[in-house]
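Look at the two complexes coming up: chain A is in both, with chain B in one and chain C in the other.
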Partner chain A sequence: MIAEHVAFGIIAAVMVASALRVVTTRDIVHAALYLVIVLAGVAALFLLVGAEFTGITQVLIYIGAVIVLFLFGIMLTRTDFDQDTETDHKRKLPAILTALLLLAVMIGALVDRFEDVKLDANLPGGQTPQTTAQVSDKLFSQYIVPFEAVSVLLLAALIGAIVIARREEGG
Partner chain B sequence: MTAATVMSGLLAVEVPYWASAIIKVGVVALVVPTAALVLGYVFLLKMMSFMQSRLGPMEAGPYGTLQLLADGLKFIQKEDIIPAKADRTVFALAPLVVLVSTFLIYVVIPTGPDAVVAQLDVGIFYALAVSSLSVVGILMAGWASANKYALMGGLRAAGQLIAYELPLVLAVMGVVIQAGTLDLQKIVTAQAEGEIFGWGGIGNPFILTQFVGFFIFLVAVQAETTQPPFDMPVAESEIVGGYQVEYTGFRFLFFFMGEFGTAFAFAALAAVLFLGGWALPWGDLTHWGFNIAGPVIMLVKVLAVAALIFWFRFTYPRLREDQLQRLAWKFLIPLSLVNIVITGIFKVVL
Partner chain C sequence: MYLNEMLLLGAVLFCIGVYGVLARRNGVLVLMSIELILNAVNINLVAFGAFHDTVQGQIFALFVITVAAAEVGIGLAIVLLLYRNRRSIDLDQVDLMKG
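After this line comes the complex of A and B, so read on.
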């Protein structure tokens, strides 16, 4: 188990350092790129606990799509090269307070729920604790209602975004 | 002692974790540049020349085979220029991100029953996920160059790669439904052991049932590797090379290797998904001999797919941006969704 602990330590340290740079760097493109490192770290942590499917989805969705859209948006709206992409840090104090509050809530919830849960790392034959087939079986039987609800919610958000964007365009 | 026992003896040798990791990294690190060289020479230099009634490079080595090695040496000698206004770190990292994305695809491509770097439960999903990382590198290059052509190229590339990633993933879905697995090894065995209405003479390569998926996959691959007719992001006559415009020497070489390495990797994925991969439908699939014959069989199939890709490349004129987006969103994506629905119905009925 020592190797996993060392790996976790390294990944976590890199993630925390990058996460701090996301909010302290003045260049907004750099902030987005540091966020890539944080999200890659999350994917690595998923892989570390054997959640292959979740880890790879993390890469595909967050790095391959969300960050690309961030960068796309930033670069598309920045027309002049001499113009700064610098961000201001005016609302530093409320931001820090919100972040600390969120951290406290999440630590509380996670410790309360997972205090005594241990992952079984000694599966025979190097199996992953959770295969993709198991995930999809659960998703399409036990969790089918929440799954469909989320799908409809996303569809509604999508249509809403298009409607709002088109209205502005038409004037 | 027969060859089989020697081979099984070799496979049974316990290699320490770090050593096997180093060997695997070494194999991938060797395969990517070789793949780029092979594709570049066979298709970019020779096939294009023959299609245009000329000989192509003939001086460096027999039939010009060493031309790309000479080009590579030339690139390494060139001065490493970084524009004054460029963001130096991001500028330097961008080609590496693209190349790493290419390297990571090779990790899951199987070339034999044991000849694979890592057999993942989510194989094809992993390959598509890591291939999407190259967009980040391209956007980094476009932005960090501090050049308006580079930025426009980066934006065009991002718009194109986002649009064509969907048909790419959806085209693969048909194969995944039919094989019932995401594991590339199991997709290979499913095809080799498959039967066409009870006849197992040639197995059941998925190109027979998923020909629509194969077509969509090839078109999407063409766009993902920004090759003509989908080369708006690097269109030299409009934006002088796009995101690559400020790159010289070995950094440009990285982009070149990334492009051809990715083309080779996608051709290999197409060979695995649609043409049966390393396996032949006859013989025992777990036989050790497939570890030696497999890579050769794979190479033949990969070159066949690559020939198709490059044939498109040399034949069609460049698409306009609106035509390109329309093709992806209004034709390929609906078509691939229909393909998934039909495959799903057949899967349930049969």
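After this line comes the complex of A and C, so read on.
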């Protein structure tokens, strides 16, 4: 029981520190690599609460595909390597205030409503892992229509990305 | 484990992402901040799914992951086009429609 808390605390601390580096570092490649740590932390949390399939998908899609896409984007849009380009706005105060205000509202609401609610409160026998079999049963029966819709969306996004990014002289 | 641990972590990540979207000028960095926001949402979905002992939280998180992947593809294509046309991905310079 206590091990769960310790594991969560370590993962959460690493994730928040890395996320702060993602939005503050001046080197874009470093931001992408810090983002890897955050995404891996999210996957670890999913495994911690027994969501095995989503955790593995997180690693495959985010760390495997999205980060590679980001690194390609950085590589193709690097402007001047010698001149250090400004990555942030000059005045950060409004952004900091907005984020802090939002955080205060959300923390207030969450603490007010979910204070001392155990994650396994609905399960007297403790947390049960939600297996891949259960997820696929639900996904391919009750959620088959959204599943198909999302595959059409992916196809549309694929074609759209090709059309947007292709060079004009080819036709 | 408390439910609030997950939810508060999600809230913190969400706000860090919001700060990134507002404060960054580089198009790719803004997209990365959006990924932070979407991951915060996924943490909440999975946490509530585990809390209610249903797999629906996981299924919605999977849909969010899929849509996020499509979003990154299109977003980076737009940033690439921006770079090709203006030789810069500074979002402050993309103000052609400003009245």
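Definition applied: the second predicted complex is superposed on the first by the 118 of 171 C-alpha atoms of A that agree within 3 Å, B and C clash if a C-alpha of one lies under 4 Å from a C-alpha of the other, contacts with A are read in each partner's own complex, and residues count from 1 in each chain.
In this section, contacts are C-beta pairs under 8 Å (C-beta built on N, C-alpha and C of every residue); 3 or more make two chains touch, one makes a residue touch a chain.
Treat the numbers as computed from the prediction; the structure is a model and nothing was measured.
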item: Which of chain B and chain C A:Leu158 touches, first, second, both or neither; value: second
item: Residue contacts with chain A in the superposition, chain B compared against chain C; value: C
item: Contacts of A:Phe53 with chain B and chain C, given as first, second, both or neither; value: both
item: Which superposed partner A:Met75 touches (first chain B, second chain C, both, neither); value: first
item: First, second, both or neither for A:Val14, with chain B first and chain C second; value: neither
item: Touched partner set for A:Ile37, first chain B, second chain C, both or neither; value: neither
item: Footprint overlap on chain A, comparing chain B with chain C; value: 53, 57, 65, 69, 72, 76, 128
item: In the complex with chain C, residue positions of chain A that touch it; value: 4-5, 8, 12, 15-16, 19-20, 22-23, 28, 31-32, 35, 38-39, 42, 45-46, 48-51, 53-54, 57-58, 61-62, 65-66, 69-70, 72-74, 76-77, 79, 85-89, 92, 94-96, 98-100, 102-103, 106-107, 110-111, 114-123, 127-128, 130, 134-135, 138-139, 143, 146, 150, 153-154, 156-158, 160-162, 164-165, 167
item: In the complex, chain B residues that touch chain A; value: 85, 87, 90, 120-122, 125-126, 128-130, 132-133, 135-136, 139-140, 142-143, 146, 148, 151, 154-155, 158-159, 161-162, 165, 182
item: Touching residues on chain C, where the partner in the complex is chain A; value: 1-9, 11-20, 22-29, 31-33, 35-36, 39, 42-43, 46-47, 49-59, 61-63, 65-74, 76-81, 83-84, 87-90, 92
item: Chain A residues touching chain B - in the complex, by the definition given at the top; value: 27, 29-30, 33, 36, 52-53, 56-57, 59-60, 63-65, 67-69, 71-72, 75-76, 81, 128, 131-132
